[in-house]
Amino acid sequence: MVKYILKRVAISIGTVFILATVTFFLVKLLPGDPFQNPTIPAQIQEKQRAYYGLDKPVAEQYFIYMGNLLKGDLGYSLKKTGHTVSDIIGMSFPVSATLGITSLIFSVSIGLLFGTLCAQFKNKWPDYLLMIVAVLGIALPSMVIGPILRNLLGVKLGILPATGWEKPSSAIMPAFVLGLGVIAGNTRAMRASMLSVITQDYVTTARAKGLSPMQVVMRHQFKNSLVPILTSLGPQIASTLTGSFVVETIFRIPGMGKYFVDSISNLDYTMIMGLTIFFGSFLVLMNLLVDIAYAFVDPRIRFA
Amino acid sequence: MDDARENDFEPLGESRPDAELILKRQTTYLGDVWRSFCKNKAALASLFAMAALVAFVVFGPMMRPFDYFSNDYSAINMPPDRIHWFGTDTLGRDLWERVWVGGRVSLLIAILGTIIPEFIGVAIGGLSGYIGGKLDMLIMRTVDILMGIPSLIYLILLMLVMGSGNILTMIISVSITSWMGSARSTRGLVLQIKNRDFVTASETLGASPFWVIFRHLIPNTMGMRVVSITIGIPGVIFYEAFLSYIGLGVTPPNPSWGQLIKAAAEQFRYYPYQFVVPCIFIGLSMLCFNLIGDGLRDALDPKLR
Amino acid sequence: MRKYLAILLIALLSATMFTGCGSGAAPTAAPAEASEAAPAANEAAPAANEEAPAAIEEAPAAIKEENVFKSLKIGIAYDPSTLDPGNIDIDSASDVAIIMYDSLLRDNSGQAEAGAAASWSKSDDNTQWTFTLRDGLVYSDGSPITSEDFAYGIRRVLDPELGFSNASGFLFIKGATEYYNGEGSIDDVAIETPDAKTLVITYTQPTFETEFTSYVYTPVSKALSEAQGQAYGTAPDKLLSNGPFKLTAWVPDASLTLVKNESYWAADQIKVSQIDFVVGAATSDTAVDMILAGDIQLSSFTNMNQITALTDEGFASKSITTSYRCMNTNNAGSSEEMKPFMSNVNFRKALNLAINREQLSASVLTTDMPAYRLVAPSEMGYSKAFVEEYPYQAWPTQSSDEAKAYLDKALEELGKTIADVPPLVLLCFESESSVTVLSAVQDMILKNLGLPSTISSQTIQNMISMAYGGQYDLWYGGNEVAVPDFLVSLGFDYTTEYHNATPGLRGYTNPEYDALYKDCASQMDYKARKDKLFEVEKFFCENVLNIVTGWTSTYYVSSPEVVGVQFRADGSPDYSRADLN
């Protein structure tokens, strides 16, 4: 087991390294130049390019970047002048992560609960009701639910802070809005997975043995339904924790979400690289944890 | 005792030649699927609803004398009334037209853009999971790398290569960026199933890996895949709105549901109907796709038959 | 008479008691005192005459001594990444910089007056400027400021190794361009500091007072700047300022807190004790909700619906013209096929007249005033508004039937038909409003001229790259209102020199225009410059070098108790003299 984990870790690091290299060259292929700016004279643009080392040949830039990376230096952001990429990520990630975790706890638990209920009451009214509720969660995009809630609870009723990240209660509305879209997915997945488990022989055996319905559900059906959910959980965690552009803008949360979109639009090369390496490492880590979790949850895989 | 034997038993006679005839009509696999599907009332109703929606999307624009791109400054931001059944937008364009014309684009991209990546993902994930070992490792690491690169970068590069504005470009770009999730998911399921007895039995009987994958493993993952597809469709609709903005989507003034929603969301407070109308249709299609998906999965899943 | 004096005395005594303790006890005390005071007053009337005035003076003094803490929360759109004067490039950052940095001269509601420099003089040709600094100038931490600090502030930005973005204004200093290009030394740059309070700068072309009201002409501490390097200006402890307010806290992407700088030379004019800038709280629905919830007291908006939603609730609003809305023309066309058409004046005139500016303002550009010429009504001429001194109607604000006539004339001149015209490429940024505006323009061009066009919406750097590559016919954008006038704005620079530095961007060179432009820029006299500016404007409009659709206003919406917000010549807000009623 330990050897397996160590091997996976080594491969993960290699993966991130390849990811960084591929992204570096892909990004240079993108059209445009970060310092082209019609409000700044051409000679000033030249000086800016030179200052950030963009006038050197691409291969040389790559080696300089990788050299710095090994020392843990992600460089200075090209657009957020004066700030280092590590600083920016270091300040915004904890905010997004806190919001993301709150939202995940909410959406995953509700999703699993709804899914289980739907499967147990298949094709009866709770199934349809919960499914409609879940569907509403995806059909109404956060860019509308967010402002409605913000206006209702934050302005008209004033029971929650409308925007910002100053108090612990600031996280409630954004976490809810962020989680809504995810609940439906988790509900349906859990429902489908559990339905395929319900018809298994071992479930019938368990009932025949005289276990109460609750015991049957929790001890047998639930655990065995989890494997497919786990697979999607890895990337879900990674993307939720790294922030949502829309929710963070609506509720004015100083998180990472906007950097993902803006850095590519603005061609902030160092920021794009920093975010890719960060997100990539995170994703790889999550997948590793999920693969390990598989082995614990489903004994059949352990001995594969 | 002799009396009982004589009176209680009667000779049966010859067994009837048609006693073992199968009286039910012979049915194919698909016929069976359709029959199960029809038993699910909700799914059937949804199928009809979707058919109606598609009919409107095709014929709706012809019902009114307007077109979807002409501006009319005398009728800006009007709520639904007898002339403009769904109202008008900021430039006075008729929303009835825009909703149906937009529906064509959205539904086409949504359906194709979800099914195609699923196929790709299932094939790759299934192969990877079944064969295992080094190939599995290689494929999964490649998937990790591809998932790690920000998708916006691919999209812009794709635009450079393919040019922008047509539906084909959009479908390809959506497919390229979303097959990875289903690959991982399928691989997980396959890992679970591949050591089961029926698989071992099939292999013992001499089945090739392809037979095992496509005839046994994949149908058993159908349940999850169908759910993914039905959940994925509205996601593609919104994703398409986002793509339109970076120049990879349908060029304006061509509408799509995602675009209509995004434009209306910014003015939601002041003109709610501009948002509500396309949203109802997106919600309706999603609901129908979900119910159809459920029905399909219940009908297709070997374990539930 | 004595009775009236007694009553006056009683009233004043009651008043002082009210202000003194402000409690309910006063009313009960007053009657008792009144009954005692009355008999006393009867006898002491002559004395009361003298006492009364003293009492009147005491009462206001008592009110003045109470220190009322006033704080103002203002919404800004983005986080200023840096507050280094050499690198400030977005509006949100300049809003903060204006109240943080005190420059040589101060812009008081559009007029230049003494700032950190108590007095100044200039040579006859307006190229050499001498400033005499005030006595006792200090940074917010008390350390002294000399003319050397101002000189350093300019020299560091000109350093060719450091890539500061605000070097452009300084390149007009004698010797600066050579130094910047690595051909001269820093000593050749014409900035002199004969003594600790005198600063002399020599320019290569005439300059006016308005130049020195910019926050780039502010002192910078050499020690701190060199110690911090690239990070200078990114946190309160990484910069030193000398303006009305000093930065005390900065939560990235969330808020900036500034408190009154007591060592500012005009500290008595500063009424507000603390200003908080809240990030992400401008021009959006989020900002509307925040103002309604009382989380901020002032913000800016550009959407009429949002503005009306607030003014209906009783908020005050003020509109300031901040930029020109333009369909920048690529006079060389987006392709070889397009070139003959776009370079034809009559073709461009047709496009210009086909656009119905009033309809644009009525539908999607709700805070724009339809333009009928280039210079905006808010811009100053010599002594009054430029549009009053030089009246001119270049084109109608509605679209004109003449549009088709000009198109036909152009086609005739080129010997082509309408079918030969390739689709026009309309370029814009990927936002919803930009796309809607271009959809409107596309429809107008189609209806009025019968010409097809395609809309190309791109991410920001991609759009800029396509613009530089000349891959557009009309590029939707805005150009800031410049000070002293549009001649210094790169957005309206159609000279051959600019064309050579940025080929493809405008596609236009014309020696006649260059001559007019240089003539205007070299005028030493302010009035002469404005006269020549009108000539340039007429040429610009008659030859349709750019299609200006409207003058955009930003609306500043605030709680009614906020007063004293001033606006500078370029429309940017100065919050330093604000007050709360």
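We call the chains A, B and C, going by the order they appear; numbering starts again at 1 in every chain.
As a convention for this text, a residue touches a chain if its C-beta (ideal position, glycine included) is under 8 Å from a C-beta of that chain, and two chains touch if they have at least 3 such contacts.
These figures come from a predicted structure and were not determined experimentally.
Colleague: Between A-C and B-C, name the chain pair that shares the greater number of C-beta pairs in contact.
Modeller: Most contacts of the two pairs: A-C.
Colleague: Whose C-alpha centre lies nearest the centre of all protein C-alpha atoms?
Modeller: That would be chain A.
Colleague: Report the inter-centroid distance (CA atoms only) between chain A and chain B in whole Å.
Modeller: 24
Colleague: Report, in whole Å, the distance between the mean C-alpha point of chain A and the mean C-alpha point of chain C.
Modeller: Centres of chain A and chain C (C-alpha means) sit 40 Å apart.
Colleague: For chain B and chain C, let me know how many angstrom lie between their CA-based centres, rounded off.
Modeller: Averaging C-alpha atoms per chain gives centres 52 Å apart.
Colleague: Residues touching two or more other chains, restricted to chain C: which are they?
Modeller: Correct list: 285, 430, 459, 462.
Colleague: Indicate the residues of chain A shared as contacts by at least two other chains.
Modeller: 30-31, 147, 151, 264-265
Colleague: Specify, in ascending order, the residues of chain B that touch 2 or more different other chains.
Modeller: Within chain B, the residues that touch at least two other chains are 156, 246, 262, 269.
Colleague: Quick check: in the complex, which residue numbers of chain C touch chain A?
Modeller: By the definition above, chain C touches chain A via 81-82, 84, 87, 89, 160-165, 167-168, 171, 180-181, 230-234, 251-254, 278-281, 285-286, 289-290, 292-293, 295, 430, 459-462, 464-468, 480, 490-491, 501-502, 505.
Colleague: Which positions of chain B touch chain A when the two form their complex?
Modeller: Counting only chain B, the residues touching chain A are 40, 42, 132, 137, 140-141, 144-145, 147-150, 152-154, 156-157, 160, 181, 184-185, 187-189, 191-192, 194-195, 220, 223-224, 226-228, 230-231, 234-235, 238, 246, 261-262, 265, 268-269, 275, 279, 282-283, 286-287, 290, 297-298, 301, 303-304.
Colleague: Spell out the residues on chain C that touch chain B in their complex, using ranges where they run on.
Modeller: Spelled out, the residues of chain C in touch with chain B are 285, 305, 309, 356, 359, 362-364, 430-432, 435-436, 438-440, 442-444, 447, 454-459, 462.
Colleague: What residues of chain A sit close enough to touch chain C in their complex?
Modeller: 30-34, 36-44, 47-52, 76-77, 79-83, 88, 91-92, 147, 150-151, 154-155, 158, 162-165, 249-252, 254, 264-267
Colleague: Once bound in the complex, which stretches of chain B touch chain C?
Modeller: By the definition above, chain B touches chain C via 69-71, 73, 76, 90-92, 156, 165, 244-247, 251-253, 262-263, 266-267, 269-270.
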